[in-house]
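In what follows, structures are represented as structure tokens.
In the two assemblies presented below, chain A is common to both, partnered first by chain B and then by chain C.
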Partner chain A sequence: MNAFRLSGFDYDRALNTVGAWALALVWFAPLIYAFWTAFHPGEYSTRFELTAPLTLENFVAAWNAAPFARYFLNTVLLVTSILIGQFVLCTLAAFAFARFEFRGRDAVFVLVLLQLLVMPDILIVENYRTMRFLGLLDTILAIGLPYMASAFGIFLLRQTFKTIPKELDDAARVEGAGFMTILLKVYVPLAKPTYLAYGLVSVSHHWNNFLWPLIVTNSVETRPVTVGLSVFSSTDQGIDWAIITAATLMTSGPLLIAFLLFQRQFVQSFMRAGIK
Partner chain B sequence: MHFTKKLGIGAVAAAMSLSMAGAAQAVDLQFYFPVAVGGKAADTIEALTKEYAAAHPDVKIDAVYAGSYQNTITKALTAVKGGQAPQLSVILAVDMFTLIEEDAIVPFDDLIKTDADKEWLKAFYPAFMENSQTGGKTYGIPFQRSTPVMYWNKDAFKKAGLDPNTPPATWEELVEFGKKLTVKDASGKVTQWGVRIPSSGFPYWLFQGLSTQNDVILANSDGNKTNFADPKVIEALQYLVDLSAKHEVMAPGIIEWGATPKAFFEGESAIMWTTTGNLTNVRANAPFEFGVAMLPANKRRGAPTGGGNFYIFKDSTDEQKAASLDFIKWISAPTQAAKWSIATGYVAPRPDAWETPEMKAYVADFPPALVARDQLQYAVAELSTYQNQRITTIFNDGLEAAITGKMSPEEAMNDAQQKADKILKDYR
Partner chain C sequence: MGPLANRTWIHAWLFLSPAMILLIAFTHYPAAVTLFHSFFSTPRGKRPAKFVGLENYETLLADTTFWKVLGNNLWYALGTIPASVAIAILMALWVDSKLKGRGFVRMAYFTPTVLPLIAVANIWMFFYTPGFGLIDQITGFFGFSQHNWLGDPSTALNAVIVVAVWKEAGFFMIFYLAALQTIPVSLREAAAIEGAGRWYFFRRVTFPLLMPTTLFVSVNAVINSFRLVDHIFVMTEGGPDNASSLLLFYIYETSFRFWDTAYASTLTVALLLLLFAVAIGQFLLLDKRVHYR
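Take a look at the complex of A and B:
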């Protein structure tokens, strides 16, 4: 709308707008295809006809192909327990790294950062051994435990805590607040955007995680939705796009809806937390 | 410290009480299975294990769905290394050498005692056993096995002026029919291709059909030598490349495997090569009359086998191994094999399964189901070697390079052979 100015054409702005729209369309195209295919009968999955009949049958078929109700419950339990674990552990660790002086602090922090460089897939066997030792195989806790002490979370929160003015900290101390009170009353509230952004990244990552949950669990009672989704990737039989897109929309639906609802907060918190 | 110690002791105590309970009462078996043919197959396997458990109250089988074939071997090997191996699992037949190298499985020869058991090993089609035996020992029992076949659209044949009941029987006929079946619109764009031989993901499998028909074997049965640079292999690859490059009867470039049945249903291609595991799917969804035939012949007929075998894992008690063997014997018996074959489209792996009343009724109603079985007499072992993942990846890359025209078939195959030799020389 504002691309035209009295003084002439604003190329910069126009290019930005066109670029943004083009990228958005590229990102959005698979989703549009998924919507089209999921709501139409199988014959229309590779053809576009405006008058094609709408149907919900694909969703019914997908829902019935695996115990999805239970899987959804498991996934929700999983991502919440991971998120709580991460918030507690990362907050405490980040606070220590940001505000306490102790022997070997930097060395320990480097060790934590090293964890970022290790691909989680390499650790599968070692993690499996640990879970077996703890007697946790085939539990939801076993899926989440290896991710709770997140190096990324510690790093991110430490950086955020470091930007909080020391004066606020001192003021609280003068008022007689202990460390925990300072952490909970000063640092945590000021780091809210970081928590929100990190929480979103964490939830969407663990919502979509597949291989580790598949390996460490065996029963319907513990497995997340991604394992349910995998029954549709039947390579020997060819792929039924209608059902697979319906199942994909169904399993990613809660995340999509949550994102649309909280879109503004998410985008803002990403800007403030500096994750891009 | 104190806490972890307690936890550790608790875990050990729990593990001990579990294993003692197991010894005192029933034998516990954990059984991993992959699913590669759609959701219903998982239900069939679970129903079969329940049926077995009902007849054998002293055995408890926990059937665990383990994802795709790739996921299943990852899960199984992780569990083996983590000290919690399953007792038995269905895993790709071609992963036999990998499992042997990881020291994860035991040969069936160590478990069978009676003459009747020895006879049982001979009950399966020899083509399937080729992928189950090495060094004179049997490591796998065929279960969900397949082989590629050719499907053709009878309506498209009629429209092209061909006899709808005669599929191409030779390489020349495939080209000749393909030319008649390739339809272009006014602007010269192809609306229907003659042939579709998918090449995405694992092109080696269908290509092995062509190489076998050209009378050459891709790897020896010891799994330590490949023949990729054999002139006959190069000739077969040249034929595959020519189908699109020279004869223009097949779409150029890499052709998607997963989308192949759909393209066949939509009339984008008049002939497709794909697994017999697709039979039930094609039967349910093809909106026209279709036929199923063996792959065409060149110097001889030929096709690879494919699919999964039963394996028994090493890290179990003798009781568990004996119980696993008994379960495998039961589920691979004619009646169960027939049930499984009818439910999925996989080829029942033994001749007597085809003599059961259920199977007879099924093939009388649907004769195309017999094609895969009849092709077995010409079938060979699927490409399988030590370091199987790496060798097939090298070979697939070579095939893709030739199909996309980045290299000539000769260059691509010589290159693949060199790379494979480098890896396999340690195993000779």
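Take a look at the complex of A and C:
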């Protein structure tokens, strides 16, 4: 494919490797910088000396300066409740769309897909009003509720369920199994990879969500880490960058570690979720 | 309709209804009520909301901040989408090729995607700090003077765009990576036999084959450019003088800082119309451009 190969050294490939690595380093630079700042004393924040002493004090200071333990608990509760809600609701709805014939099915499906365009994220004014009406302001449930019936999840699971041969559930029905049994015994186990993919996408999405939680929460008992971090870095700390960066890394830490450990699954999950 | 078909109908709705109730409650209902409230005044104290017809829309058309923010949002979309798509394609081509340390390279590209935008913004804030931030240190090293990147109206929005490109390119890369893996190897072999160069092959074969992905990614990117404003909160608060404010941030300010909910509803209607226009435009484009075979 290229003439350089004859000379024994593939210039084209070398050039591409250098380019790919250079971009990778540029992309990584902000994180490397954040790690540097967080693990060194404040006076080395902007001075790069190899002999700079390592320290965990910034993390300790950040942890003590704000109720991060509570924020983490809130986020974990939030992400788990959303995930359970999404799995249950989307599975039921996807099953209806994939396996039942009923009048208006396609029209209802279009109504569902509309949410891919008009996301709850932008309907903040009215959803806030609804939460106030329901008396749910400043609760973790209020953060999660608008996201539980997810069009993305319904769509993804419907596509998966449609690939499952109908003969399988006909066979189960002959043996007298009800719809619910068929769904739980045939469909859900066969869709496991989709659940994993959707789960990872959902958890990382809601761990990172900020605007809606900022609006509906206003106390330590309900704030997720993202909102906690913004409150912390805007008011409590002035501009002590070492501590702010430590707090920043701390809040993204669990997700970052999970990502590094399960990198392949993460990438494949996002891919799988994207192709459908 | 026989009795069996009737039963199917009932079953289907039993399965559907929990999701549909929530979906309607938090998507369709609020969208409809937003439109309704945009024709009323904001209730204040003892004064209830009263019907004002198109008054809010007249305010909107005369509101210079609205136009500025809308312009910002379009510039933001134009600045982030082509750049992040181009970088994403490049990343995908690299990660898809036989490369030394491919695992590390892929991880580096993708990591920004899993980090919270709010945390990412914190880190970049530090970069942009006048004087001792990393960027000023680098430009200072080459003899340029200090610059307040986020405090200068002429650079604030672009500084925010850089962060968005950095965050999104790796995410889009994944979709291209998936698409690249579906392109048959035989095509590449055939092109090699014909003596087609790399660039020629990319331009005439790979890129057209990636067109559906590009459209899918663009739709996502456009929606994201209107939906994600977290970094604005940390980096600029929309300032200076609304130079970096985006539409959703302005809606947030209007509704939750100035408590003018009626006008915020009107702004939301404008945002919804914009999203629909984009969707319709891309639907039409999709019909024309994706028939590559």
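Descriptive notes on the structure:
Assume the second predicted complex is superposed on the first by the 220 of 276 C-alpha atoms of A that agree within 3 Å, B and C clash if a C-alpha of one lies under 4 Å from a C-alpha of the other, contacts with A are read in each partner's own complex, and residues count from 1 in each chain.
The rule we apply is simple: a contact is a pair of C-beta atoms (placed from the backbone, for glycine too) under 8 Å apart; a residue touches a chain by one contact, two chains touch by 3 or more.
What you see is a predicted model, and the numbers here were worked out from it, not measured in a lab.
In the superposed model, A:266 lies in contact with chain C only, and not with chain B. Of the two partners chain B and chain C, more chain A residues are in touch with C. Look at A:231: by the touch rule set out above, it reaches chain B but stays clear of chain C.
Legend: residue contacts after superposition of the two complexes on their common chain; A:186 is shown touching neither chain B nor chain C. In the superposition on chain A, A:197 contacts neither chain B nor chain C. Of the two partner chains, neither chain B nor chain C is touched by A:142. Of the two partner chains, chain C is the only one that A:245 touches; chain B does not reach it. Judged by the touch definition given at the top, the superposed model places A:218 against chain B, while chain C stays out of reach. Once chain A of one complex is fitted onto chain A of the other, the partner contacts of A:125 extend to both chain B and chain C.
After overlaying the two complexes on the shared chain, residue contacts for A:133 are found with chain B alone; chain C is out of touch. On chain A, the surface patch touched by chain B in one complex and by chain C in the other comprises residues 45-46, 124-125, 128-129, 211, 214-215, 230, 233-234, 241.
Listing the residues of chain C that touch chain A in their complex gives 5, 8-9, 11-13, 15-16, 18-23, 25-31, 33-34, 37, 87, 90-91, 94-95, 97-101, 103-120, 122-124, 126-127, 129, 132-134, 137, 166, 169-171, 174-175, 177-178, 192, 197-198, 216, 223, 226-227, 229-230, 233-234, 248, 251-252, 255-256, 261, 264-265, 268, 271-272, 275-276, 279.
Taken together, the chain A residues at the contact with chain C in this complex read 1-2, 12-13, 16-17, 19-21, 23-25, 27-28, 30-31, 33-34, 37, 45-46, 88-90, 92-93, 95-97, 100-103, 105, 108, 111-112, 114-130, 145-146, 148-149, 151, 154, 179, 204, 207-208, 210-211, 214-215, 225-226, 229-230, 233-234, 241, 244-245, 248-249, 251-252, 255-256, 259-260, 263, 266-267, 270-271, 274-275.
Those residues of chain A whose C-beta lies close enough to touch chain B in the complex are 42, 45-47, 65-66, 124-125, 128-129, 132-135, 137, 211, 214-215, 218-219, 227, 230-241. Remark: chain B residues 7-8, 10-11, 14-15, 30, 35-39, 41-42, 62, 64-69, 71, 74-75, 78-79, 81-84, 146, 201, 257-262, 266, 274-275, 277-278, 280-281, 285, 307, 345 touch chain A in the complex.
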